[in-house]
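For reference, the structures are reproduced in the following blocks.
Two complexes are shown next, each including subunit A; its partner changes from subunit B in the first to subunit C in the second.
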Partner chain A sequence: MRKSFIAQNPSVLWFLAGLAIFTLGVTFMSEAAGVDMISTSFLKTLGKTLCLCLVAIAMDVVWGYCGILSLGHFAFFGIGGYAIGMWLMYARTEGIVATSLDSAALPPTPQEITDAIGSQIFGVVGSSDFPALWAFSHSLPLQLLAVVLAPGLLALVFGWLAFRSRVTGVYLSILTQAMTLALSLYFFQNDTGLRGNNGLSGLQNIPGLEARGQAVVSLWFFWASALALGMGYVLFAYVVSGKFGSVIRAIRDNEARVRFLGYHVEHYKLFIFTLTAMVAGVAGALYYPQAGIINPAEIAPIASIYLAVWVAIGGRGRLYGAVIGAALVSLMSSWFTGGSAPNINLGFYEIKWTDWWLVLLGVSFVLVTLYFPKGVGGIFDALVRKTAVERQGDYGPDKGAWRNDEGKPS
Partner chain B sequence: MTTLLEVSGVSVTFDGFRAINNLSIQIAEPELRAVIGPNGAGKTTFMDIVTGKTKPDEGRVIFGEKSVSLLGMSESQIAQAGIGRKFQKPTVFEAQTVRENIAMALKNTRGPFDVLFGRRADNREERIREVSDEIGLTDVLDQPSGALSHGQKQWLEIGMLLAQDPRLLLVDEPAAGMTPAEREHTTNLLMRAAKTRAVVVVEHDMEFVRRLNCKVTVLHEGAVLAEGSLDHVTKNQDVIDVYLGR
Partner chain C sequence: MLRFMLVCLCLIFVAPVAHAQSLQSLLQDNADAVANPSRSTVDSIVSALAAAPVEGSPRFLEDWRDKAIWVRLSDGIFFSAAEDGDGLVLTDLDTGAQTTVAEDDGFDQIRPNAGVRRVINAALVQFQLSDADVTRRIAALDAISRDPAADQLVPLRQSIPGEPDASILARKVQLERQLTARFGDSMQERVAAINFLSGDLSVEVRGVISQILTTRQFVGISIPEGTNVAQIMEIGDDLDEAEAYQLLVDADLAPATVTPDDIVATLTAQIEDGQVAGVDVSTLGTDAARIAAYDMLVTRGDAAPFIAPEDRASALDAHTFYLAYTEVNVDITTAAEDAEAAIAMQLNVGKTLDLTLDALSLASIYFLAAIGLAITFGVMGVINMAHGEFIMMGAYTGYVVQQIVPDYTLSIIIALPMAFGVTFAAGVAMERLVIRHLYHRPLETLLATFGIAIVLQQLAKNIFGTQARPLTSPDWLAGAWVVNDVVQISTIRIAIFALALLFLCLILYILKRTRLGLEVRAVTQNPGMAASMGINPDRINMLTFGLGSGIAGIAGVAIGLYAKVTSEMGADYIVQSFMTVVVGGVGNVWGTLAGASLIGFTQKGIEFFNPSNTLAAQTYMILFVILFIQFRPKGIVALKGRAAGD
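After this line comes the complex of A and B, so read on.
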């Protein structure tokens, strides 16, 4: 009776196949392959888009499936970026410092090296000491662990406090937004030790891979992003299918009823909230080395709101919808705001897309919400799935029950 | 017959309105009990208290041989302890199929990790089939339950309650919106269930209560007005005044 995982989720195969073809296609057209049809900067944009797709499916699981409209998942994304960025800055600066100190008459002591790294990194905020936050920045494995654990722990503590008090709906959204804002303001402070509004920069230079050149490194990151997206898709498809998915969708639709069935609703919400936060952290850790720079503005509440907009436009409650939404909107956003979109001259007024893109995005969000609540992904429903069941026949299950021709049961 | 549920001296006040006033009820196992009373008598609030939805201002609610107090427990803990509830308005998960609805209710471990990684019980499909046969929904197992009629949703909810396999069933107006034939089936089902467990039925319809042929508790203004067989309570002058007389 039990259908296999793939048979239950046909979209997984389609998605993985599509992603593989896309990745291969981009690879063969990339600069690294010598064809140069896709520039390295565009390759980075594509790689970043894949990371955004990954955080979007995490958002879709927490919002579209579990009904928690979190306005904080981009903060988890940013924390992942900061976690990897700290190692990248430390290791690269260490290399630079070592080279420059080599020419000195006396070989430098370890303390001198650390001090030199500190003043290189923190000179920009008028400091040279390593803050406590950077305690593990010398170690790649520990910082990689932090990519997952830091967002996970924050989500666990925050979620435990919020869900335990049974904060739901719009109040929970406001609470998550407040968390995001507080976090972003905290990161903005110079005292925090994350270089304030300068953020972390030069992240595209991966220590040890300088000789490879950006074309090759970008391609590697592109592959890693594609792999992470594929794995994230399979992971979440597994989570939202079967009985677990059944329970979280039930929580979305009627939380109280699920409690009376004997499920600890808070535990389920906490599980989903934390898991998606960890995946968001991974996505961020892959995104920012491709972007090259991260600063606190990246985790401002508006970013998390964009995330919700992508998922809404793409279609909530279906994983591929989130991917479509994130890819479509973020690529269009870089096209419109990058100045590539031709301006429209109306004679009396010229529509400059750099100014009007946000208006267009806002209007399309409203239109999608009003007329296509299933989003762009809903198109696939019409193509693939059968339409909603049309109930035929009798109303009741028994003899003597109301019949169709008697009209509605009272 | 041993006492399964003991509610004693419970009072609840909502904004100054005394919904439950020093209420004491005992339910044995197995037993079938009907609770009747005019609107606002506190029937649903009584269920809310037992299932943990409402916390009483005072009084005790004790369940099972170990005499566990239900007052400190959450709704889900109470449900796991063995108390199932059917709501007045059918509340099934409309976006999901009948099968998924029943599978969720099946008695099983309830933790997130158990549910995510746990293997399915071997007899799961069998148990779903048993329940769906009982409620006459086997043909529509794979339909979204939102497509069911009102009567069928009532059935599905009763089926989910049976799948939970609780020791105490609290059933709020099970026959609302049902035809005579469906009502008869419901009556049989409840009476059969009451052979092995405790069943409390809240109902308006006197004919339905008469068919259940069980002990009746009449509530009025949040307290017990009379208790006994249906014939006994319908002869009671107080009951006639507040309920049957109007």
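After this line comes the complex of A and C, so read on.
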């Protein structure tokens, strides 16, 4: 008999319960609840971390389950952020412009308002006209749609081009990295109309909610992030379980064999690639209003590689692993680089963690890759004690798992 | 001609100068003008000095300009003087004898104003053109070409016959032609000079030609007789309607249009008790409402009426818009136009050549950066994300060597093998410690090497700091090979090209002619089969990885010589290097060469169409690569058959 979804994936219940307890706990300790044990800025950090966890599980699905090492998912994350940021900037500037135009002798015409908003937003790059990209920026629903559709469409087109020409493995990784670089260079240009390297700023001020205060708005965003993470977890747990999930994992382990079995490998890959890109966009749209600013440096290739690092440290092929990795590394990173970690005095040299954190991260990452391919999440395997036969060979679309052993001189 | 002018010049000044033997007596003849110089009198003194070849007049002019000439009030004698506390150090203008006076009472400083100083400066140029000192002559020529004027022509011509230095002579002749083209006396003379300049690419000549071809915008019912028309402008093609009408307005040939700003200003001025022309101000939030209110003001006679479209059209029709040359002589402008066309032709040829050289140098940089990557990727199927950091290590090795060995030539000679050694060792260590354990997990190698990359980058930051370190090239590499004003390339880029060529040959030799190369190729094509033939793939992998890393180190020294050495320099090249390898095809030197050339030339080609935006060039180059992969997924030079691996 076929087991129910929950019975198949006990981790979903555990995860949702944990997330709920965490959210409630943070809520009661937050400034908005009056307890003031968690400052608003730390609440924002926690909310941002939840968004990073969401994009990490998307990355886990595309890499850990489907075997596509995409170095572009943080770019989709950034596109989501830009999409919501455009509306936030437009709406907020509209409010500012309206008050300043009120003092004029004549009531402003719609054209005058648009021009004033344009020169306010684009003055920093020496322009005042609205570029075509901003055509929908006045409308929240349309920009919310763009949060999902823009990354989805880009992923669809890019994925279609890449998968149909059967680019796989490291080639595909390099190609996605090239896409990310092209995108960030494109965003860096002033001509693009996204304010070049200035990026979009002031995103933490939500139009219409100014009176509420940052403490309350941050809490709302925290809740929204937690909700999105929970929903994303259930969605992906559903996607990777069942027959569809089996095909996905089979593609990771041996793409050619799945193709010979008659599956349209490209369609499966394209679906996963696009779906995860959309979720990454949603995560970005929740992240950047909490961060307050987005600029093209955020979507540089290095960010996407870090995303892969989080997933690898947390443990691929298990959704909770990605969450653990993203939360652990990003929180540790802000702890170490924030200067709150105590320096270590060796007598002849003082280790300042602001300088040495990246070295520590790099070394531990190499060690995890070498000796703990299951990552931190692998600890749970030891706890649960799986009765299944230990997997032979390795993860990833390898060129024949036994090649190395066969090639050994003996 | 020249002689005639000389004679004329002399004749004019012979009378007053005849009895002037020394500088002092010459100045005394014009004592009043020297002591109280003004714009109207300064010319006579300058001409007098120019006509009489007296010793020390350039020095006097300089001192005069610099307010260092003082006059003794008791007898009116002029001195060159320097202030010394309260006193003065006086220098006799004729003998150069120095005397010191304790008090400057009884002396008066002469202070020419700015206009006079300018005239003196111009006069100085004439003296400097024949100065015995070469640098002064060159400075004078520079001054002329910076700010050419008609009155420089004669002194320049005079200085040509006595010029001993060949290169300065050539420059003088060239400059004389340029001045003649602009300020020559007769039409024939100027046309001849323009024809002489035709096809010369220098910025100066291009400036001269465009000066001659200066145009101004005119509008009128008809074109007046004797106008040298450059172009008749058609409305719609050369000029849009609004611009054309604005020209009419500016020339007082038509009434001004009413702009939206005018409407707002007029309406605002007419607000009374919250109403304009009986309309509530609060309703004026649309353009239509504003125009309606304005119309009402017009009918009341309180505002200027709108211009009817048909009036506007007929006004535009009735007038001719044209560009006219400020130069009235048609023959001269025709000659200049021909010269401009010839220069433009030459310029295009030059630009194409320059672009090709640029692209070639970019391609060689990409080749150097990517060839190491291509070897390791081809042989081991391993992407080394730390390759960029090896480039950086090589550059920093060069920097450290330069700190120890101060001689730049020697330090480069030492740095190249040192960089190879350091990065070779680093590569071998990395292969032994990390990559060996991940051979059949290529994606994880990619990530593990990335981990190493961030460690290396951060270590470099901790050791060398975040600011850029200079890697100074020796003097013989510092210059540039200048063909003309358009085509030039820095020597360092030529050196990099030579280095890339050298490495191409070296790697081809190693791969095709040595035992190691044979084994490397065998492992590239089929590691299993190679192993069964008695080749030790472990050893080959280690050596190729070391070799690839070592070349990255050398590339680092080369790149560091023309760019700054920073901890992030490797990251700037890594994606381009990947592109090069992917486009070129794996495991083939010629493929990498083709890939580097394709990418270098494409990028420079795109930059050519949009020179101000190199970011756009990179963006489109990457898009091009992504599309290219669609058609040749295995790169330009793909391994065939079993070797391809799948």
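Heads up, the rule we're going with is that the second predicted complex is superposed on the first by the 385 of 410 C-alpha atoms of A that agree within 3 Å, B and C clash if a C-alpha of one lies under 4 Å from a C-alpha of the other, contacts with A are read in each partner's own complex, and residues count from 1 in each chain.
We take it that contacts are C-beta pairs under 8 Å (C-beta built on N, C-alpha and C of every residue); 3 or more make two chains touch, one makes a residue touch a chain.
Note that this is a predicted model, so its numbers are computed, not measured.
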Q: Could you say whether A:S246 touches subunit B, subunit C, both of them, or neither, answering first, second, both or neither?
A: first
Q: Using the touch definition from the top, say if A:T45 reaches subunit B (first), subunit C (second), both or neither.
A: neither
Q: Quick one: classify A:N295 as touching subunit B (first), subunit C (second), both or neither.
A: neither
Q: Give one of first, second, both or neither to describe whether A:Q143 is in contact with subunit B, with subunit C, with both, or with none.
A: neither
Q) Given the touch rule stated above, what does A:S218 touch, subunit B (first), subunit C (second), both, or neither? A) neither
Q.
So in the superposed three-chain picture, is A:S11 touching just subunit B, just subunit C, both, or none of them (first/second/both/neither)?
A. neither
Q. If you lay the two complexes on top of each other, which residues of subunit A touch subunit B in one and subunit C in the other?
A. 256, 394-401, 409
Q | Complex contacts: residues of subunit A adjacent to subunit B | A | 1-2, 239, 243-244, 246-247, 249-250, 253-254, 256-265, 267-268, 271, 388-391, 394-402, 409-410
Q.
Applying the document's contact rule, which stretches of subunit C touch subunit A when the two form their complex?
A. 264, 267-268, 271, 281-287, 290, 381, 383, 385, 434, 437-444, 446-448, 450-455, 457-459, 461-462, 527-528, 531, 534, 536-538, 571, 575, 578-579, 582, 613, 615-616, 618-619, 622-623, 625-627, 629-631, 633, 645-646
Q. If you look only at subunit A, which of its residues touch subunit C in the complex?
A. 69, 105-111, 158, 161-162, 164-167, 169-171, 173-175, 177-179, 181-182, 185-186, 188-189, 191, 256, 301-302, 305, 308-309, 312, 355-356, 358-359, 361-363, 365-366, 369-370, 373, 394-401, 403-404, 406-409
Q) Taking the complex as given, what residues does subunit B use to touch subunit A? A) 51, 53, 74-77, 79-80, 84-85, 87, 91, 93-96, 100, 103-105, 110-113, 115-116, 120, 125, 135-137, 143-144, 147-152, 155, 160, 164, 177-182, 185
